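Each of the two complexes below includes chain A, the first together with chain B, the second together with chain C.
Our next item is the complex of A and B:
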């Protein structure tokens, strides 16, 4: 039971992790494509789940979780993440979001968080979000199933929260999308892990690249 | 191999620089006040840096970087994700991480100033993020602001009433506004400033030094 509660604790948007400041390409997409329906939003999030989270973020988190007792091995996963994220705004966002999550866990005293932060500060790791999740969630006592579900749920909720703030969709309508996507997340979470970290989301990559050059923006990426 | 330990690393034991917040409504003069505070504090030997939370641009950060008042590397911008109060209160971790970065980059740093994006009277700083914070309002916002008793007005460690020079032009009784501000704050300090001309800025610096730097 505690495993489920720990996963809820970490997936709760009330847990300070910095995620609210990242739209992960959505602000750029909404700006570029004008009218953006709830169906469009759902399709974007499902695409991000299937072709970014399931094949890249999930794998990186699981590998870091499995190796959390050997932070040098975790750092190698982290370097792989750095080299496999094509888009610079996504890469920078992942590092900053990871640093924010780490800032909370270091102060809470989560086992392993201080050591992982020291490695990042020493320049021996980048501290990407998915990798940092693996380290601190293992230290915090989550089980692997809960950690995978928390990671996937946060991917959905970060997008829908950003969409509400961008005025793409209302707060209640956003929860309809979340409900639709929960079975997708359950299916993907139960699917076999791929052999290597890979993602394919060119539409979001291009949108994030355009967004990075925008004068006016609410979100970091 | 690095092993996991349960060693608790608290914010208090890890941080060495004092962290203060500057909040307040849009256009109340937060950036102008910081621009005036920087040379005053540096003149007193305070080693400082600034983190800004612009809402939609990096204008405040760029303004400080280009001011010539401070090494541009000592000014970091943190995006507020459309929520200026979230980034200083409900989820201050991006700001905390920025503060940690500044401390790592500038050993000996004594003071980090976190400038909130312009917000409303309900904005407050999390004490996870700062040790002390001030709330800046201005006379042009209306002399009824203290009477509205927003959390920013009531809970801040220092209330600054800025743009005092504008009072006669906007029909504000400055003395009455300050009297009401003092009354609603129940003994917590209130200072009047005209940041554009530097008036009252030394008194704000005195208060920062006494509150968090323990300078005379």
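Our next item is the complex of A and C:
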């Protein structure tokens, strides 16, 4: 039972993970495309789940989780993540979001968090979000299933929360989308891990790149 | 192997061919010093198209067989030796036919020597219904090397039934002078994910492309110049810095393959202007 509770604790938007600062391309997409329906938003999030989270973030998190007792091995996963995030706004956002999550866990006293932060601060690792999730969630006592679900759920909720703040959809419509996507997340979480980190999200990559030079921004990416 | 020795019909499934092209600088030009170009590869002779830089050789790479077929394993190795300058491009899109149970594979290895320049800008692949292709590309940069690598993908159902291609699995690796991996861009997508209102590219897109402009920041065009130029060509693009200071990465989305072709041509021109300091002549196609 505690495993499920720990996953809920980490996926809760009240936890200071830093995710509120990032729209992961959504702000740029909404600005570029103007009218954006709830169906459009759901399709965008489902695409991000299937072709970014399941094949890249999930794999990096699981690899870091598995290696959390060997931080040099975690750092190698982190370096691979750095080379595989081709979009600079996504790469920088992942590092910054990872630093925020890590700072919270250091203050809470999560085992392993301080050591991982020292490695990042020494320049021996980048501290990407998915990798940091693997380290601190293992230290915090989550089981792997809970960690995967928390990671996927946060991907959905970060997008829907950003969408509400951007006025793309209302709060109730956002929760309708979350409900629709839970079976997708469950299916993806149970699917075999790919053997390589990969992603396909040209639409979000373009949106985030153009958004990075916008004069007025609500979100970091 | 001579053409008469090539298999035909079912026996032709799984053609495995490797083309090698090696350029070196000498006598004020970039000369094609070695070439092995088996069928279905075909290349023109190198052209000097730019009055400002007659040492920049341009070579057209073509498929003599009408495209990529089931089970094909086509490998291209392009080496540009120290100080040479080479542009390899294509004259038309490459069709990828239904591969059935035998996915095809087209690999490219690009080695760019010290202070050399290489551009590999190809017209889009056109994925036909049922086609499955793997496209691994590796770029190795020596000290002071500059490179432009750009390509695109479109899809077409000649029966207008909305049938998707099967899958496209891509990988582009960029290694720096010490051999370290600088960039690793990997993706897999199924054609059905690119159709209809829930397409990963948005509801009206029917083509996309990727490019890398590899070199130090002071030898690259600005991201905003790229985006503005491509906007004018009906291609929605975003450019941002690649990992490890490798250069600029560009994603492109358009309503058709023609727009991606024009965008890639424009990227080549912008890249050459920033990297080599002159505006290149338009490559006739």
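By our rule, the second predicted complex is superposed on the first by the 221 of 221 C-alpha atoms of A that agree within 3 Å, B and C clash if a C-alpha of one lies under 4 Å from a C-alpha of the other, contacts with A are read in each partner's own complex, and residues count from 1 in each chain.
By our rule, a contact is a pair of C-beta atoms (placed from the backbone, for glycine too) under 8 Å apart; a residue touches a chain by one contact, two chains touch by 3 or more.
Predicted, not measured: the structure shown is a model, and the values here were computed from it.
Trainee: Examine A:134 and indicate which partner it touches, taking first as chain B and second as chain C; both and neither are also allowed.
Mentor: Touch status of A:134: no partner.
Trainee: Considering only the touch criterion stated at the top, classify A:91 as touching first (chain B), second (chain C), both, or neither.
Mentor: In the superposition, A:91 touches chain C alone.
Trainee: When the two structures are overlaid on chain A, which partner does A:83 contact: first (chain B), second (chain C), both, or neither?
Mentor: Only chain C; A:83 stays clear of chain B.
Trainee: With both complexes superposed on chain A, which partner does A:119 reach: first (chain B), second (chain C), both or neither?
Mentor: first
Trainee: Which partner does A:146 contact after superposing on A: first (chain B), second (chain C), both, neither?
Mentor: neither
Trainee: Which partner chains sit in contact with A:207 here, chain B, chain C, both or neither? Use first/second/both/neither.
Mentor: second
Trainee: With both complexes overlaid on chain A, does A:68 touch chain B (first), chain C (second), both or neither?
Mentor: first
Trainee: Once the structures are superposed on A, label A:17 by its partner contacts, choosing first (chain B), second (chain C), both or neither.
Mentor: A:17 sits against chain B, while chain C stays out of touch.
Trainee: Common interface residues of chain A with chain B and chain C?
Mentor: None.
Trainee: Show me the residue ranges of chain C that touch chain A in the complex, using the header's touch definition.
Mentor: Going by the criterion above, the answer is residues 171, 181-189, 193, 197-202, 205, 208, 210, 223-224, 227, 236-244, 249, 251-253.
Trainee: State the interface residues of chain B toward chain A in the complex, per the touch definition above.
Mentor: 1-11, 14, 55-57, 78-83, 86-87, 90-94, 96-97, 100-101, 104, 128
Trainee: Which residues of chain A touch chain C in their complex?
Mentor: 32-33, 39-40, 43, 46-47, 50-51, 55, 80, 82-89, 91, 196-203, 205-210, 212-213
Trainee: Contact residues on chain A for chain B in the complex?
Mentor: 14, 16-23, 68-72, 96, 99-104, 106-107, 109, 111-115, 119, 121, 138-139, 162, 165-166, 215-220
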